[in-house]
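Here the structure is laid out as structure tokens; the discussion comes afterwards.
The first chain written gets the first letter, and so on, giving A, B, C and D; residue counts start at 1 in each chain.
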Amino acid sequence: MIEYLENKEIIARRIARIFKAGDVVNLGIGLPTLVANYLPEGVTVVLQSENGMLGLGPAPVPGQGDKDLTNAGAAPVTILPGGCFFDSATSFGIIRGGHVDYTALGVLEVDQEGNLANYKIPGKMVPGMGGAMDLVAGSRIVIAATTHFEKSGAAKLKRRCGLPLTAAHEVDLVVTDVGYFEVMGGAFRLLEWFAPYTPEWIRERTDADIEVMSGCRRSDIE
Amino acid sequence: MNPIPIIDASSAAALVEEGMTLHVGGFLGCGSPDGILAALLARGTRGLTLVCNDTAIWGAKGGRSNGVAALVAKRQFSRVIASHIGTNPETQRQMNAGETEVVLVPQGTLAERVRAAGAGLGGVLTATGLGTEAADGKGKVTVGDRVFLLELPLPGDVALIKAKRADRAGNLQYSKTARNFNPLMASACALVIAEVEELVEIGEIDPEHVHTPSIFVDYLVMAGVK
Amino acid sequence: MIEYLENKEIIARRIARIFKAGDVVNLGIGLPTLVANYLPEGVTVVLQSENGMLGLGPAPVPGQGDKDLTNAGAAPVTILPGGCFFDSATSFGIIRGGHVDYTALGVLEVDQEGNLANYKIPGKMVPGMGGAMDLVAGSRIVIAATTHFEKSGAAKLKRRCGLPLTAAHEVDLVVTDVGYFEVMGGAFRLLEWFAPYTPEWIRERTDADIEVMSGCRRSDIE
Amino acid sequence: MNPIPIIDASSAAALVEEGMTLHVGGFLGCGSPDGILAALLARGTRGLTLVCNDTAIWGAKGGRSNGVAALVAKRQFSRVIASHIGTNPETQRQMNAGETEVVLVPQGTLAERVRAAGAGLGGVLTATGLGTEAADGKGKVTVGDRVFLLELPLPGDVALIKAKRADRAGNLQYSKTARNFNPLMASACALVIAEVEELVEIGEIDPEHVHTPSIFVDYLVMAGVK
């Protein structure tokens, strides 16, 4: 009997391995932000922040923040050497023009058609889409980063999203705390699973089409 | 270049009239013209339409607030056009209660729509929002085998913006991520008022590094001066 | 018997008086460029050059030019204090967005409907429109600056342009070396005439509808 | 930020392949990447489509020439998309003789079309060119009671641009009016090669004053180095 334990760290660690040096990456607020902590030694990616910078650096020493230097979640940040600042039209020109290689975003629901819902629960949470619709529609590769299950126990990976979409058919990769999936051909294709879970366990507990690919393997991330 | 007038925040607020469309720079309060906004709050002008990235941060019960949040809470806006209201629960409450009309626009689309107003475009085509509620009621244009949403310009009556530095002619430089929507708002409004922290003489800003050219700016307000 | 003598200077001098301090002005290559020499004392206009600057200054001392600082005609220029540089999208954003108050351009033909032809003579001269179509369509007030007659003796002010148009219905003012006209209501409305010419003389020699307005007067420019 | 390769002009020219669409910065030769263009002239690659503000200055019989003019004269372009060819009579001759396809585009429209390609827009609506030959064959879109021309993005395979200064990561600063189309071309092409006069270390360019961010630039070529 395998018991599910939510594990955000493993999601961040697996996503961090997707990138290669020089990739331009936008990490959404929340879980995706953790990815920056797990980039492999020597892999320098360029973090874009949609409020107007490239070269997003780590948080400043507490109390040393600059009121004019924040990330898209209003938290104080720093800029790395070689970074730069620009206005919002330039920022979204970068995003929509396909100059961001990867965006990793949080999830309310993601479905096997690559649809993503992550910005609105009608009647309950209507915060506005911010830059999410642009990031999902514009980035070259979209990574949905999410714990595999809701608190209720239902998988966030669906046959068809029920919530309002952030974008249609744009999600390329899904990384959860049970596995790493590619969205293609109307299914979630399992590329790696995280022990102690197994492909069979994942398929049983996810009401969606999950294909186990020939090269699929157990992840060496523990 | 000719110097432009330097006015106080109250005089700036007095230029905003009931019913006007107001473009305000800032991203969750970072880069908003706090002095002018405080004066506009004090003045209480109502019936405004707000165009801003977000409705800033509103901490009820004495929590941290910034940017346009207090003006939203005081019901000075009858209409809000923004990409995000998630950090201002009062905006959501007013929207749900039908007290304030809130139009949510994807952030990049908002940026392009404001830029289009400033740059004299009749509209722009974008894929952002296709297949989502953001496409509802929008015109669609097919180019080759692709469908795009037609997004229209968003001009304003008055822009309230914040810059780090101005020369007396009104050339502006912003600071770090406090730049955000400020240059766009400056391009799209009939009247532009910039709150600045530093004032230098004409010729002291490097012409290679002007973020907003003087011709867009009508008035300067010194930040931190009552 | 009044004899016509071409006089580009009077055109430039009259146009220079149209502006007030602070106006943003784009002067086309050729005749319009002369206008800068005749701005009244104390009237500081901001000259825009569509290749990417505001605050266009006079030509440099010969030999002191900067290879990276030219006007839209590739001639070396200078920049005045308070000017700035920007890219071509920003430059035409300024022009098309209505932020240029006046543009003064040369003319092949201008007609009483406000149509301007100044960029092409089919089969003879096809240099391309450059920024002219944008300037005429985008500037708040368009001034057509031209000698009144061609070498052949025909007036350049027409009932209807025969040459390909630079823009339709955009010309507001026409300044020639015989008079100063407003284009309105499908006619050239004469506002001022330059001695020794007279309104009657101008009407006789111009095959177009020329209205002599009640306030029309002889110019005090000599 | 990671350093990008610094290559010589010949290697840069070798990256341009027959049949490619080539975006070149410069305005009547001011701000063109002369070293790379000289190498491309020597290499003689043909069948290219040129996107450039103009075809620069061509002085026949030993007169002054600059920018892309000599490549035009050598018939390296089968197609030219530009706003102005008036200072290069050879372009006009080739156009009239049917040797080269020349598409003339209003300068502001050219700028917006290149920007649209870089910024991921499906097109823009403009009033420029309405009622003129520039409207021939163009789609029209009505917004309210106004008609606009629909202008489509103009992406490229390779951008050859010129900057004053680069850091080793590829952040660029331009000089004066030599900026012109260079930043736009850099945004719109799959491969971007920048010829620069000065090279500085990463971190030496003020992040407030980067004209083209490093992520747009793939290779650097030092100007004046054979």
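FYI, a contact is a pair of C-beta atoms (placed from the backbone, for glycine too) under 8 Å apart; a residue touches a chain by one contact, two chains touch by 3 or more.
Computed from a predicted model, the values in this text were never measured in an experiment.
Participant: If I rank A-B and A-D by number of C-beta contact pairs, which comes first?
Facilitator: More C-beta contacts join the chains of A-B.
Participant: Let me have the rounded angstrom distance from the C-alpha centre of subunit A over to the C-alpha centre of subunit C, please.
Facilitator: Here the centre of subunit C sits 56 Å away from the centre of subunit A.
Participant: Roughly how far is subunit A from subunit B, going centre to centre by Cα mean, in whole Å?
Facilitator: Those two chain centres are 29 Å apart.
Participant: Approximately how many whole Å separate the CA-defined centres of subunit A and subunit D?
Facilitator: 36
Participant: From the mean C-alpha coordinate of subunit B to that of subunit D, what's the distance rounded to whole Å?
Facilitator: 33
Participant: Could you tell me which residues belong to subunit B and also touch two or more other chains?
Facilitator: 112, 115, 119-121, 126-127, 174-176, 207-208
Participant: Of all the residues in subunit A, which ones touch at least 2 other chains?
Facilitator: In subunit A, residues 53, 79, 85-86, 89, 92, 95-96, 138 touch at least two other chains, as defined above.
Participant: So which chains end up touching which?
Facilitator: Here the touching pairs of chains are A-B, A-D, B-C, B-D, C-D.
Participant: Which bits of subunit C are touching subunit B when the two form their complex?
Facilitator: Touch list, subunit C to subunit B: 21-22, 24, 44, 46, 53-55, 79-86, 89, 92-99, 138.
Participant: Touching subunit D in the complex: which residues of subunit B?
Facilitator: Where subunit B meets subunit D, its residues are 112, 116, 119-127, 139, 141, 143, 146, 148, 150, 152, 173-176, 206-209.
Participant: In their complex, what parts of subunit B are in touch with subunit A?
Facilitator: Subunit B reaches subunit A through residues 27-31, 53-54, 57, 82-87, 92, 95-96, 104, 106-112, 114-115, 126-134, 164, 174-184, 211.
Participant: Applying the document's contact rule, which stretches of subunit A touch subunit B when the two form their complex?
Facilitator: Residues 49-53, 66-74, 79, 85-89, 91-92, 95-96, 115, 120, 125-134, 137-138, 164-169.
Participant: Touching subunit A in the complex: which residues of subunit D?
Facilitator: Result: residues 1-2, 115, 117-121, 167, 169, 171, 187, 202-203, 205, 207-208, 210, 213-216 of subunit D touch subunit A.
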